[in-house]
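As written, the chain order gives the labels A, B, C and D, with residue 1 at the start of each chain.
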Amino acid sequence: MESRFSTEIKVRFAETDAQGVAHHAAFFVWLETTRIEYLARFRGGYRELREKGIEALTLEAYVRYFAPAHFDDVLTVSARAGDLSGARFRFDYEIVRGEEPVAEGWTTHATVDSKTLRPTRIPDWLVHAIEQAEARG
Amino acid sequence: MESRFSTEIKVRFAETDAQGVAHHAAFFVWLETTRIEYLARFRGGYRELREKGIEALTLEAYVRYFAPAHFDDVLTVSARAGDLSGARFRFDYEIVRGEEPVAEGWTTHATVDSKTLRPTRIPDWLVHAIEQAEARG
Amino acid sequence: MESRFSTEIKVRFAETDAQGVAHHAAFFVWLETTRIEYLARFRGGYRELREKGIEALTLEAYVRYFAPAHFDDVLTVSARAGDLSGARFRFDYEIVRGEEPVAEGWTTHATVDSKTLRPTRIPDWLVHAIEQAEARG
Amino acid sequence: MESRFSTEIKVRFAETDAQGVAHHAAFFVWLETTRIEYLARFRGGYRELREKGIEALTLEAYVRYFAPAHFDDVLTVSARAGDLSGARFRFDYEIVRGEEPVAEGWTTHATVDSKTLRPTRIPDWLVHAIEQAEARG
């Protein structure tokens, strides 16, 4: 997975909890910012999707925690999109601190019409862009 | 201020930070939930405002912290509305743990049309309800 | 699962996002507050665990979303503890709005010594309390 | 204030609310990340302060909102430290989107011993570093 897309997150103080480490719910926010950065490489990304009246709903979210993340840590979150079919897609993630695994996770999503909330196909330009990006990976 | 409206907040673990106490930004969320509970006593409250196409924007927010709040603490947040004039209003708050002052603060707000985002008068029913509530206080 | 422990959550405005519904990461916070309420029935609950130098780490967290949750919705989160063995345990959750399923999820946890962060057995009083509570369920 | 320290914040989707804009409490988190970046230029910054057993408490926090911030907006947060005296200091902030003012605010802080929570002087190295940085500004 060396060629996988990745982005960096610096753990905010507000994201820590009284255990002295990043709160486990914060990881889901980091996965989301990673998804958004991932999609931002293609045309207008998630912002354009939303402006075109398409919402991407989260259907499932899962994280497995290996090691605590601390305030000010710089984490690398890598992501891979896949399982694109019709109105559904999936992201897989790895979070590391340098070489050390911190967490892994995955999320599944559906694209819906933002007015009717009914499923709507992922736009072709996005399907192709993702497929090409992942084929290179 | 004994007759002031008040509500209770239990500090969530997710709201604590690595200092072992509630993060200072969490207080602004508690002030908001208090405002919403305050307004919920009148007709449909904030939810009805929003459904009628009125948004209440926050113009300013201020908190002064006296003592840390800890995980699982039960805090009493009291609120008083005032300075209603046209499209603007203000809330003042006190946060205590039993008899102990924890924080105080205030917020100012404007009502706007949710489509145009232009200022719109606070509905009369709400002005009257608040004035009566505070006159009793 | 009718006799399962449950608690109520009112969706905060701060928990909504620009899709107009509760952000998916907020659900993990609700699961945590539910766990804490669940444990609060036994002696000093999670707070006592922490004061005794035991931390409960989250190892995994999963949520499946069925329907959006809106601002001001009152949700019922039910929880069941199980798979207690040594230093590990698991919670299963259901989130409903009245009769309507909104989400389900589960989390796994390990108890560790808060100084060494090494695994430490769940205290017997807690194991017995949970087993009795669930046997009744 | 052209030479003032500044950092960039990209508005996260999780920071938006059902009004479609960044929630007002998120701004306080951005001010905090800005303070931390500000201090990070001097020795070990906030992280070193904490490791040396000094905590910086927030005594007051204030934000005035001029314009909504939207998902994916890149905001520039500039900060200036001042009023250093003994165990207290203050930060003033401006948040802009390009040339457009979005918000301004200020926070006051006290340094305390992290064990006793009693006031403790700001370390000399930090006082000098801040004074030099601001003198240049």
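We take it that a contact is a pair of C-beta atoms (placed from the backbone, for glycine too) under 8 Å apart; a residue touches a chain by one contact, two chains touch by 3 or more.
Not measured: the values here are computed from a predicted model.
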{"item": "Chain of greatest Cα-centre distance to chain C", "value": "D"}
{"item": "A-C compared against A-B, more contacting pairs", "value": "A-C"}
{"item": "Distance from the mean Cα position of chain B to that of chain A, given in whole angstrom", "value": "34"}
{"item": "Distance between chain centroids, defined by C-alpha means - chain A, chain C (Å)", "value": "24"}
{"item": "Residue numbers of chain C (touch at least two other chains)", "value": "13-14, 18, 25, 29, 32, 50, 71"}
{"item": "Residues of chain C that touch chain B when the two form their complex", "value": "12-14, 29, 32-33, 36, 46-47, 50, 71-72"}
{"item": "Complex contacts: residues of chain B adjacent to chain D", "value": "18-19, 24-26, 28-29, 32, 50, 55, 57-65, 68, 114"}
{"item": "Contact set on chain D toward chain C in their complex", "value": "13-14, 16-18, 20-21, 23, 25, 70-71"}
